[in-house]
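Note that the chains are named A, B, C and D in the order they appear, and that numbering of residues resets to 1 at the start of each chain.
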Amino acid sequence: MKDNIIAWLEEGTITVPSLLFTEYRNLNLNEAELVLLLNIMTFVEKGNDFPTPEELSSRMTISLSECSDMLRKLIQRGLLAIIDEYSQDGIRFEKYTIKPLWERLVTQFLTSTQNVHENQKKTDET
Amino acid sequence: MKDNIIAWLEEGTITVPSLLFTEYRNLNLNEAELVLLLNIMTFVEKGNDFPTPEELSSRMTISLSECSDMLRKLIQRGLLAIIDEYSQDGIRFEKYTIKPLWERLVTQFLTSTQNVHENQKKTDET
Amino acid sequence: MKDNIIAWLEEGTITVPSLLFTEYRNLNLNEAELVLLLNIMTFVEKGNDFPTPEELSSRMTISLSECSDMLRKLIQRGLLAIIDEYSQDGIRFEKYTIKPLWERLVTQFLTSTQNVHENQKKTDET
Amino acid sequence: MKDNIIAWLEEGTITVPSLLFTEYRNLNLNEAELVLLLNIMTFVEKGNDFPTPEELSSRMTISLSECSDMLRKLIQRGLLAIIDEYSQDGIRFEKYTIKPLWERLVTQFLTSTQNVHENQKKTDET
């Protein structure tokens, strides 16, 4: 009984800004792309920095080729990036970074915050 | 500058078990259904316990009628429920609960954990 | 077995910026004060917006009078605030807000970020 | 402006079970010990699996020797452990694990859940 709760706990949690769910549509992401990005975050969190399209598509309802396609387009559109890193013994490896997604989300957030302020100003002036 | 970070912080975060992303496909959920459930969690977290199909679909890439349809089917399939509550002054109101989703996820987790153990046992015995 | 995991899950989680643990000392908070603030967050998260000193001290290793004292000093020092709200039927009630803590933390973060940049500039210039 | 929010976001968050704050006293932890454990989690989350007493005490209000002492006692009392791991090139390194803390927390949770059930049963029988 105890072991099951421990095992559950060890699977861990994913914490994302609520704004990701409020704004993904405004970032021109659809639900499959959003979940693909969330799955990448889950793999990274567990220590797998560069999950393959096989690993990603196997837990999704999209096919392997749709998954590869989606990854390529997310990178092209600047919502996902692959960066090079070097291990302690100098071996180069690739990893995903979702920093571009956060940058777009922050830009979107700042734009909409500013719009709200400007609209309030206009209302106050009338 | 400071106010923007505060505003960002106040938007809050959503924390979900990583297993939701690993297992949603095994719960027969597709990506749009998963994101719909995540959006309900986000609304509930912000104090709106019963978001309308309009509120939900407006931030998604699905139409209003697709959203209503999806909500009805999630309830029929026992992955989402509506419960009645009473306010302090005795007024009845409805709210969503995603407890059925967690119950299914836990059942799925216990089943797969047990399968792993049984397979290990078989391997050990050979 | 399943019910225990569900019960565990329903107890929920608390998510705080890692910076709170890195910087609380620089905000002149000691460990007991930090945990008191974390306990207030936990109560608020569970729907109790104004836990009493009794409720707070009963789960801590400090006495009731120490707890009351600590709360008063945190408010005086501008790290915690009590705000008035009105229920739908116009009844006034009080609640804690830890917004002042986040404001101090953000200020501290921006100051230290700026210092790092200035030091880097100085190093670059030499 | 945008960069500051990104920098804030990159500092990350720490998510812990709410029960840790409700129950730490029942695990015979005081506030300084709890925060020490939370600080270890924060370091581990950031990729530093074995922070030194210097690193830990420098962000706390306790001295270096108090910190070393506290770490030793937490290990003796079975609330923290050091485990050996091997890097890909076979080099042994040590890391902290807070799994013992979660085990104690789960045991405490199961005990108190059971007590509640038994008390309810007694009440129902009268």
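To be clear about the criterion, a residue touches a chain if its C-beta (ideal position, glycine included) is under 8 Å from a C-beta of that chain, and two chains touch if they have at least 3 such contacts.
Since this is a predicted model, take the numbers as computed values, not measurements.
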## Note on the structure
By C-beta contact count, A-D versus B-D, the higher one is A-D
#### Entry: Distance from the mean Cα position of chain D to that of chain A, given in whole angstrom
28
### Message
Measuring centre to centre with CA averages, how many angstrom lie between chain A and chain B?
### Response
18
### Message
Give the residues of chain A touching no fewer than two other chains, as numbers and ranges.
### Response
1, 4-5, 8-9, 13, 15, 17, 106, 109-110
### Query
Chain contact graph: line, ring, star, complete or other?
complete
### Message
Considering only the defined contacts, which chain A positions touch chain D in the complex?
### Response
1-2, 5-6, 9-10, 13, 15, 17, 87-89, 99, 102-103, 106-107, 109-110
### Message
Going by the contact rule set out above, which residues of chain B touch chain D in the complex?
### Response
1, 4-5, 8-9, 13, 15
### Residues of chain D that touch chain C when the two form their complex
4, 7-8, 11-19, 21-25, 30-32, 34-35, 38-39, 42, 45-46, 59-62, 106, 109-110, 113
